[in-house]
Structure formats: C-alpha cells, structure tokens
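So, here's a batch of structures to check.
There are two complexes below, and they share chain A, which is joined by chain B in the first and by chain C in the second.
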Partner chain A sequence: MTRPYVPWFLLAIALTLAAVYLFPLYWMYVTSLKSGSEIFANPPTFWPVEPDLSIYPSVWFRRTMQTFMWNSVLIASGVTAITVLLGTGCAYVLARYRSGWIDFGLFMILMLQVLPASVMITPLFVGFNQLGLLNYPRTAVVLAAAAKAMPFFVVLVRATFMSVPRELEEAALVDGNSRIGAFFNIVLPLARNGILVCAILTFMSSFGEYIYSKSIIQNGAMQPASVGLSGFLGPNSSDWNSIMAYSAIYVTPILAVFVLLQRRIVSGLTSGALK
Partner chain B sequence: MSAQIELSNIDKHYGAFHALKDVSLSIEKGSFVALVGPSGCGKSTLLRSIAGLETITSGTLKIAGQTMNGVPPRKRDVAMVFQSYALYPHMTVEENLTYSLRLHGVGKAEAKVKAAEVAATTGLSALLKRYPRELSGGQRQRVAMGRAIIRNPKAFLFDEPLSNLDAALRVHMRKEIRALHDRLGATSVYVTHDQIEAMTMADHVVVMRDGVIEQQGSPLELYDRPVSKFVAGFIGSPAMNFVPGTIGPDGMTVALEIAQSLSLPLARHQEPGRKVLVGLRPEHLVIGEPEQATLRLPVAVVESTGSMTFVTTSTEPEMTVVETRRTTVRPGDTIGVSIAPNQVHLFDPATEKAI
Partner chain C sequence: MARFFNSMRDGIGFDLILVGAAMVFLLALAGLPLVYNILMSFQQVDMFTLGDLFRPLAGLTNYVAVVNAPEFWLVTKNTLIFVFTSMAGQFVLGFSLALFFAQNFPGAATIRGLFLVSWVMPGLVVGAIWSWILAGDFGVLNTILKAMGIIEAPIFWKSDPNFSIWAVVIANIWLGLAFNMLLLSVGLAAIPRDLYEAAELDGANAFQRFWTITLPMMRSTIGAVLSLGLIGTLQQFDLFPALTEGGPANTSNVAGYWAWQMSFKLYDFAKGATISVMMFVLVLIASVVYVRSTRHEVRG
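Up next is the complex of A and B:
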C-alpha cells in the first residue's frame, strides 16, 4: 500500500504564514490583559503574570464603545443591504446574458475594485458636500462603502448564478412560470447559500471600514469603532493595554461569526452552493 | 387533418449563423415525431422554438391552431423533458411533480392526488418525499417524465432524454416512453441523435441536416427509400456501404470500382455509362459460395457479437457485411456476396441525391 502523498513542505510554509498573520492577534489578546510594566518587560512574557479582565468593562465605558459599535453595526448593515439588493440583480444579469455591453459592464465593475478608497475619497467628499449628503454622514459612508463593496460581491455572486444550470430556469418557464417568477422560485433559492456567504463577507469587511468614515464623519457620536480606535493614538499615547482591549472587543464578534460560519463560507465560496 | 403543431417556413438566425432554414413541418395530433440528425443540425433549436425558449426569426408556428410566435413558454401549454432532466434540486419529487400545477393555481390537495396518480403510473410512489440528488439516473428520468405528464399538455417535447442513461436502461425507457405516449394519446416531439431511438419509437421521423429537413416519413420509408446519401448513411446500423460505380452498357447493371470484373443487377433501367455512388446495406449483403455470388470480396476483419457477425473487407473503400448465421469466414478469405436488385441504392456522386 502506498501512502498518500503529503506536501509537507507546502504545509510548513502555509503554517508559517498563518502564524505570522495570527501572532499579532494572539499578541493583542495577551497584551490587553497585561499590566503597564509587563507590556514592556524584556524578555516579553507570552502569558500575562496577572491577567486583569477588568480592563474590558473599563475601556467599554471610558471610550463610549457602545456608540461606536452601534455605528459600526449600522454602517455595515446599510452597506450589506444595499450591496445584496442591487448586487444580486446585477450579478444575475451579468451571469445570464452575453453581449458586448455586458462585457463592458463587467469591466467597469472590476474597475471599481481597482480604485483604492484613499484615492476615491477626495472626489467623493467634494461630490457629497455639493449634494448636501455630508449632513447625513453615516448615509454618505454607507453609499461610498457600498460602491466599494459591490464589485467583490457581484463577481462572486455572478459565479454562483453561473453554477445554476440554465435548463432549470427553462424548465420553470415551460412549467408555466414567468422570467421573474423563475428567478425568485428557482434560481434564487439555489443561489441562496452563495449570496448569504458573500453578504456575510461584505458585512464583515464593512464592519471594519475606516477611510470613508474617518474622512466623512466628523461628529464623534456618529463615528464607527474603527475611527474610535484611532482616537487613542496621539503623540504620547502609551495606554497600550486599553488600545488592545478596545481592539479585542472590536474584532471578537467578527471572529466569532467567521469561526461559527467558517464551514459554510468555505463551501459556499468553492462549490457554488449547489448540489 | 388535425395538425397539433404546425410549422410553416420557419427561419432562425443567431447573429450571422442561420440555424433553421425555411423549415415546414406538420405534426398530427396523437403522433410521435422524432427529429434526428447530427449535432448542430438544428433539431434542438427547432424543439426549443416550439417550446418558446427560442424566438423564431420568421415563419409561423401554430400549436393546436393558435399562432404562437412571440407567446411566452408558460402560455403555450407544452411540457418538455430535458436532457439533464432539469429537476429542481431544492424540491422533493412530489414538489417537482406538482410545481406546474401549483403555478396554474391548482389546490394543494388536488395537486397531491394528481402527484400520487402520476407517481403510480411512473413507478415513483415510494420516492415522493426524496430529493432529486437521492435518486438514480433512471428514477430522475421518471420524475422528469412525470413532471411532464401531470399537466396533460397539448404536446410533449423531449430533448434527448435518454442520452444520460446506460445502454440497458435506455432500451427499457424507450419502450416505456412509447407506451406512455400511446396510453395518454399524446402528441410527442422527440429530439435525438440516435437513429435507433428515432426508428424504434417514432411514427414519423424527420431527418435534419444544417438547419434543413433532409427527409421525413415513416421509419421504414426512410430506411427503404432514402432520398440522399446523407439519410441513407444516417439511418440504419451498421451504416450503409457506399462504393463508386458505373452503370453498364445495358443500363441494367452497375460495375463497382472495387470489383471491376463483377456487376450488380439493377431493378430499374439507368442511363448507360453514368458514374454513380452505390449504396449497399450491410444486412442486405448475403454471403454465399464465391462461384455463385455477384461480388467477390477479400476479408480483413471478422467481429462476432454472438447473434451477428460483422465482416469488414479489405477493399478500398472498405465494406461491412452482416451475417446472422454462424460463419466460418476468417480474415484473409475471399467471400462471395450477393444482393437483391431492389436493395441496391444509387446516388448521384455530385449532388448525393438518390437516383
């Protein structure tokens, strides 16, 4: 019996890279629990001598994190809602029709993905200012971030729709359904998993949205947690365990969601959510 | 005459590609019509045009007397069975069966009763609560059939429904589909690239090629009197042998280019000296004693299936002879072959039309 080939070398590289990426996360949790002097101890301790959990409630109240987190949820929900509603229709059309115009549309959508937010923010800011949208800063951020999230969503959901056989729709048409009915009755239920996964990914990435919020939202009561975090950073900031505690509170929900849905996300992205 | 489906002068263009060229076809109520041809001949396009999944560029399409050009599929009242079955993966067998009924506003209870009836006729009763992914190929095929018959539509359209099944099941389903058609008194249009399916199932076979109807008629008409080399070669298995030849001076024989010294007698007088293409069906060639036969052919390959033996000659072009009796012929032998004059087909080498 031959043993299955195991790519040990590649596995080692993958684990190393994962460690490089995950170590800061671990360091964040550990540091948040350390005392001020222990943080700067040399050699560093890999587990806090006296873990102090009271830092979490104190940071939560001191930094009015409730407001920041609520704003983050609001913005992420808005972005996800707009992206899913508009992006799903868009992705379906791009998946089902073939013509020069469709190719052009797909090209333009991918173009959106190429433009970085830091470049787009200045013209967006000027435009929003003229439209008076800056008086509704969270709405403005939702619009800007939805435009940014759209290409990723459309491209992935398009792939999902393409994996739904066209014959199923045709069968529904012959069975007596209309185009729209066949879409809602047959195609959408079959693409549901893929759409759900992409929606979750969109939510998670816009939960961490920073550039648009930082530039557009001036009022502290409307800023999301990402902007609130930057409020810590001053010329002589040294309150590292509070910063780490804040970060931990901020990312833990996203991490939790990801870990819980990890299986679905991976299978949804790879299998096209059908079978 | 009551034509259930009537196509007059149908044209279909996909951009620059001319998929259907002036196709006219009348399908009578209760008949089973097979559309056959090689892939890309337009048979599927024609079927999909009848279903309304393709719009025709010009011509008129009537179903049960009503013009259907531009009418969406759901208002045509036809049922279609797809090659991939196209069962809705997220619905149980029962939901798949009753989907069209529910769309047409039939009540839940009534739909359930209907589904049970159809399941009984198609042998699906035990599987109603299953999902398509839990069924075998043959069972899926039955669900697809059941979904079509539950509606009692004006016509059944089949798009190569058996090509995903293994050979034994295909032969079985062939009979089952035909029996179902007879029991329901339905009108069926059946697309296939398999001429055996067409010959065995249909009352009326339509051979298509490059978007044109090459010939239509009953299966035996096509077999006995093909109008062109294409139809002759397409219908019948193994395929007809084609050998160039020249009509003899008396006009009643034809000399084959592979066996110069020998001539085949003809049933009808032909223009002496004319170059022709001679079509001889393998099963019409009879092996006998070399001295009495009309052709003497050297043997290259002998393949036996048990019931039949295929003898391939080493002539150029090679010929196939089917022998149904046990034979002692071996490669390297010379066999004598004869054929009845009325079984010799002649085609014009240039136009490939029958003479």
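Up next is the complex of A and C:
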C-alpha cells in the first residue's frame, strides 16, 4: 500500500468502528419502525419490511408522553437554573484565588462529585419526608438533582474561568469598575460560551434523571419521561416496538442538540474534566 | 454598615457570597444527608419512627443484619465483578480507540466526537435498548453471535443466572467507553511529537515507543481515568432497573441497587442506609485516588 492511501484506509476503519459502536442507536430507530409481528421475526430483519411511522403518535398518546416530557423539561430546567445561578459564582471564586481554603473547597466539591445517587437517596428521602417536602415532589427532585449536578458543573466552569486572562479584569478595576461591575461586564461575557455548554450538558443529564424521580415522585401526573419509560420496561417486557418508539421520542431531542453542538461540548468537557 | 455593603460590592464579601451560596446549598443537600445517613445506620428506623430525628439506637445490629443477610456475599461478589470488569473493558477498549483516533486521517476528531452520544443518553434509555438487544429469544446479539459461529444455542442474557451480571456489564462498558476514550485522547494529544521522532531515529519500534513513551507520559491521565471509571461505575444505577432488576435471585444485584431495594421496595430504610454507608467507604477510597491523581492540576 502506498502512503497517500493510508489516511483513507484509516477513515474506512474509523467509519466501521463508529457504525459498530452506534449500532444500538440504529437498532432503536429500526425496531420502532417495525410492526408488532416483524420484531419477532427470526432471523431479525435489519431494515423494516414496511416502515410504519404511525407508532410514534400512538405511543405518544397511549403512554401520555406529553405529561411525562413536560415534567422532564420542568425538572431539567429547574436543575439547570439552580446549578447555573449558584455554580457559576462559586466556580469563578475557585478559579480566581489560590490558597489553602480554596484548595479545601475544591477538594470538598470533588468529593461531592463522586457521591452515588443510590447512596444519597435514602437519607434525602427520609429527610424530605420530615421537612414535608415530599408534598412538593418535583421541587424535591429538582433540589436533590441540582446538588448532584452542581459539583461537575463547577469543575468544568472553573476551567473556563481559568482561561479568562486575569489582566482584563484588573484593567477593568483600574478603570474604576467595582468587583461586581468587572464580573458582569468583563468576566461573564468572556466565559459565556463555556458556561452555556456546561449548562446544556447539565440540562441534558438531568433530562434523563431517573433514580430521584422514581423514588420521590409517586403521582403519575408529575413523573418525568424516564419514570414513564420504566413503567413498561422490565426483565419480561415484550412490547419492544413501543418501548423503542418511546425511547426514540425521548432521546431524539438530546441527540439533535448533541450533534449540533458536538464540537463545543467535546472541547468544553476535555478542558474541564482533566484540569 | 456602609463599609459592609461596600465590601459586598467591591471586596472580599463579594467572593464570600458567591462561594458561600453554593457551599450552603451543597452542604444542606449533600453534606447533611451524608451525616444523616451514617446516623440512620445506627438507629432503628420503621414506619412509626420515620418522622423522628432521634430514634431508638440500634448499635451495630443493622450492620450485623446486613452482613448476615443471605445475599450479602453474592452482592459483594457481583459488585466487585461489575466494577472491575466494567472498568477494565471501558479502559482497554477506550485506550485502543483513543490510540487509533490519534492517527492522522480526515475526519478523525468528528468521528471520535460521535462516540460520545452514548454518554449524553439517559441511562434508562441505554438500558432499554440493550435489554432488547440482549433479549434471549429474539435479541439481535444472539443472532449475530450465532451467525458468526461463536454460540450454538441462544444465551438468555437477562434470565440466566450465569450471564445476568454480564448483561449489565456489557451495557455499562458501552455506556462508559466513549468518555474514557475522550479523556485518554486528551492525554495522548499532550505528548510532544518530537519524543516519538527522536525514539524513531534511535530505532525504537512501535511497541517500544508505546511502552517507554506513551505509557509513562500518560501516567497521571491513566490514574484520573481509572478512578473516574471506578466512580462512574459505582454510580451506575439506571441500567439495573432497565435490564435485570438485580435478578434472577440477586445474581446481578450490586450494592447500589441493593441499598435502593432495601429502602424503596422493602421500606427498610435503616438497612438501606447501612448498605449506603458501606458503599460510601468504597467511593471514598476511589475518590482519594482520583483527587491525588489530579492534585498537581488542582494546585495549578
């Protein structure tokens, strides 16, 4: 093989690897388009014989997905709002100073980042029960999930603030800005893109939040789409084309946002997660 | 008083408010529950005392009961299998892919970025898709494996006690692989090119270059990736309800899901808290390793 062909050969391998890796996604969409009898064909068909889109509206109405999706949006918006409002300032201060206290704060945040939700849910549930917060289950889930999302957000946004040159802020202070003025007029606009990407990541991950909602929200009208999906999913489920159609409706918005912002998300993640 | 407001606007008070608001929130919703969890693991908690803060003390009885539970050792074994095989799979496959995508060819970065979709998808949806792929009778994985001549009879991944934990491991490797690959790619990109050129001039072959340059240069990245993998695997929950619900007969149950079952299926909150505390100790060890491996960067 001569040299100029090597990159194209590698590209072909890369595309094959990506196809193998993304096969589960393909399988979700293909299964959702198959009829109830075709999904049990043996051997399975890799392209639906009669692609049938009518399952999408039928699953949407039959499983009351409108309510579920709306609740997911509500919960994810609440989590993102709290995380961005509280987390941005915290990340800014942690990025701006170097001292023993700051190191200690950062250490605490890294520790909180690693707490599994399955460890936190028992005390949170009992505590919320004592405070009466279980009567406002969606609020309770938002609070719990925001505490889970915030450490990761702070670590990522701190990396963004580290890349804003300190001199710009100092120049603004010399020009007579107050600290608040310099923060809102200089630092925030410069870090805006990084914060936005991290906010979108927070939204996407809390859009799929499951364990807190499943444990805390008993009322079906307030549950998010993840709990709605678990309602007809289990070791013995068989209604696969409906399950896959539900999943497809649920994840397609997330996938679309991800594909659109892929480059930014990847660079935002890589700058923060290791630094 | 004026000085106080001035400091809020223009001095150290401004920083304290910014950092304090987040810290108070995190302490109230993460720190406090953690302490409360430890307290509960030493108390008798039942439906009548659920609303009290000071319940009858139970000493170590909760811990003794958990350790003596018939499924305790099975769950411990499963947790270890789940954590270590998931980590190993994610790391080895992630590292291989990272090395491959570090080659110079058109579209490398874009295609690599596509892999990350697995990471942004809700865990429950990933579980649902894999549950269908791994189905015993009509699952597509069995069909593919049979066509390739690897297996004779279909494997009932989710209901065969010998395979149920592996069903979750496979799904978890798929889920975490992309994130591992991405972080390792960053580490690879940071190795100076001229090191490789010098080694090549000295006659080192590809394997020697990997062994004497790539691995040593990647040490801190590998440490961080492995501990993040451990943490991520211990946090994994959504795949269990979607795939096996810990069954059959706890053969795919792990500590995190067991703790949740205790609290929310059996309403035995004290035992749920006890298992959580035990798991927290595990996580603590993992995070100390993680913080140590990122420390030089924390100190900036």
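Everything below uses one rule, namely that the second predicted complex is superposed on the first by the 239 of 275 C-alpha atoms of A that agree within 3 Å, B and C clash if a C-alpha of one lies under 4 Å from a C-alpha of the other, contacts with A are read in each partner's own complex, and residues count from 1 in each chain.
Assume a contact is a pair of C-beta atoms (placed from the backbone, for glycine too) under 8 Å apart; a residue touches a chain by one contact, two chains touch by 3 or more.
Treat the numbers as computed from the prediction; the structure is a model and nothing was measured.
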### Task
State whether chain B and chain C clash or fit side by side on chain A once the two structures are superposed.
fit
### Query
Regarding the shared-chain residue A:Ala81, is it in contact with chain B (first), chain C (second), both, or neither?
neither
### Message
A:Ile265 in the overlay: touching chain B, chain C, both, or neither? Say first, second, both or neither.
### Response
second
### Task
Determine, under the contact definition given at the top, whether A:Leu94 touches first (chain B), second (chain C), both, or neither.
second
### Query
Does the superposition put A:Leu134 against chain B (first), chain C (second), both, or neither?
neither
#### Entry: Touch count on chain A, higher of chain B and chain C
C
### Query
In the superposed arrangement, does A:Leu15 touch chain B (first), chain C (second), both or neither?
second
### Query
From the CA centre of chain A, what is the angle out to the CA centres of chain B and chain C, nearest 10°?
90
### Query
Which partner does A:Ser178 contact after superposing on A: first (chain B), second (chain C), both, neither?
both
### Message
If we overlay the two complexes on their shared chain A, which of chain B and chain C does A:Leu255 touch? Say first, second, both or neither.
### Response
second
### Message
Is A:Val73 touching anything from chain B or chain C once the two structures are fitted on A? First, second, both or neither.
### Response
neither
### Message
A:Leu115 in the overlay: touching chain B, chain C, both, or neither? Say first, second, both or neither.
### Response
second
#### Entry: Overlay on shared chain A, then closest C-alpha pair between chain B and chain C (Å)
8
### Task
Starting from the residues of chain A touching chain B, keep only those that also touch chain C in the other complex, and list them.
178, 274-275
### Query
If you look only at chain A, which of its residues touch chain C in the complex?
6-8, 10-11, 13-15, 17-18, 21-22, 24-25, 27-28, 31, 39-44, 82, 86-87, 89-90, 92-94, 96-98, 103, 105-127, 129-130, 143-144, 146-148, 150-151, 154, 162, 178-180, 183, 201, 204-205, 207-211, 214-215, 226, 229-230, 233-235, 237, 240, 243-244, 247, 250-251, 254-255, 258-259, 262-263, 265-266, 269-270, 273-275
### Task
Within their complex, state which residues of chain C touch chain A.
9-11, 14-15, 17-19, 21-23, 25-26, 29-34, 36-37, 40, 45, 50-51, 53, 97, 100-101, 103-111, 113-118, 120-133, 135, 137-138, 140, 143, 147, 158-159, 174, 177-178, 182-183, 185-187, 221, 224, 228, 231, 234-235, 237-238, 241-245, 247-248, 256-257, 259-260, 263-264, 269, 272-273, 276, 279-280, 283-284, 286-287, 290-291, 294, 297-300
### Query
Which residues of chain A touch chain B in their complex?
165, 167-168, 170-178, 181, 186, 189-190, 274-275
### Message
For a test of understanding, state which residues of chain B touch chain A in their complex under the given definition.
### Response
51-53, 72-74, 76, 78-80, 82-84, 86, 88-90, 99-100, 103-104, 133, 147, 151, 157
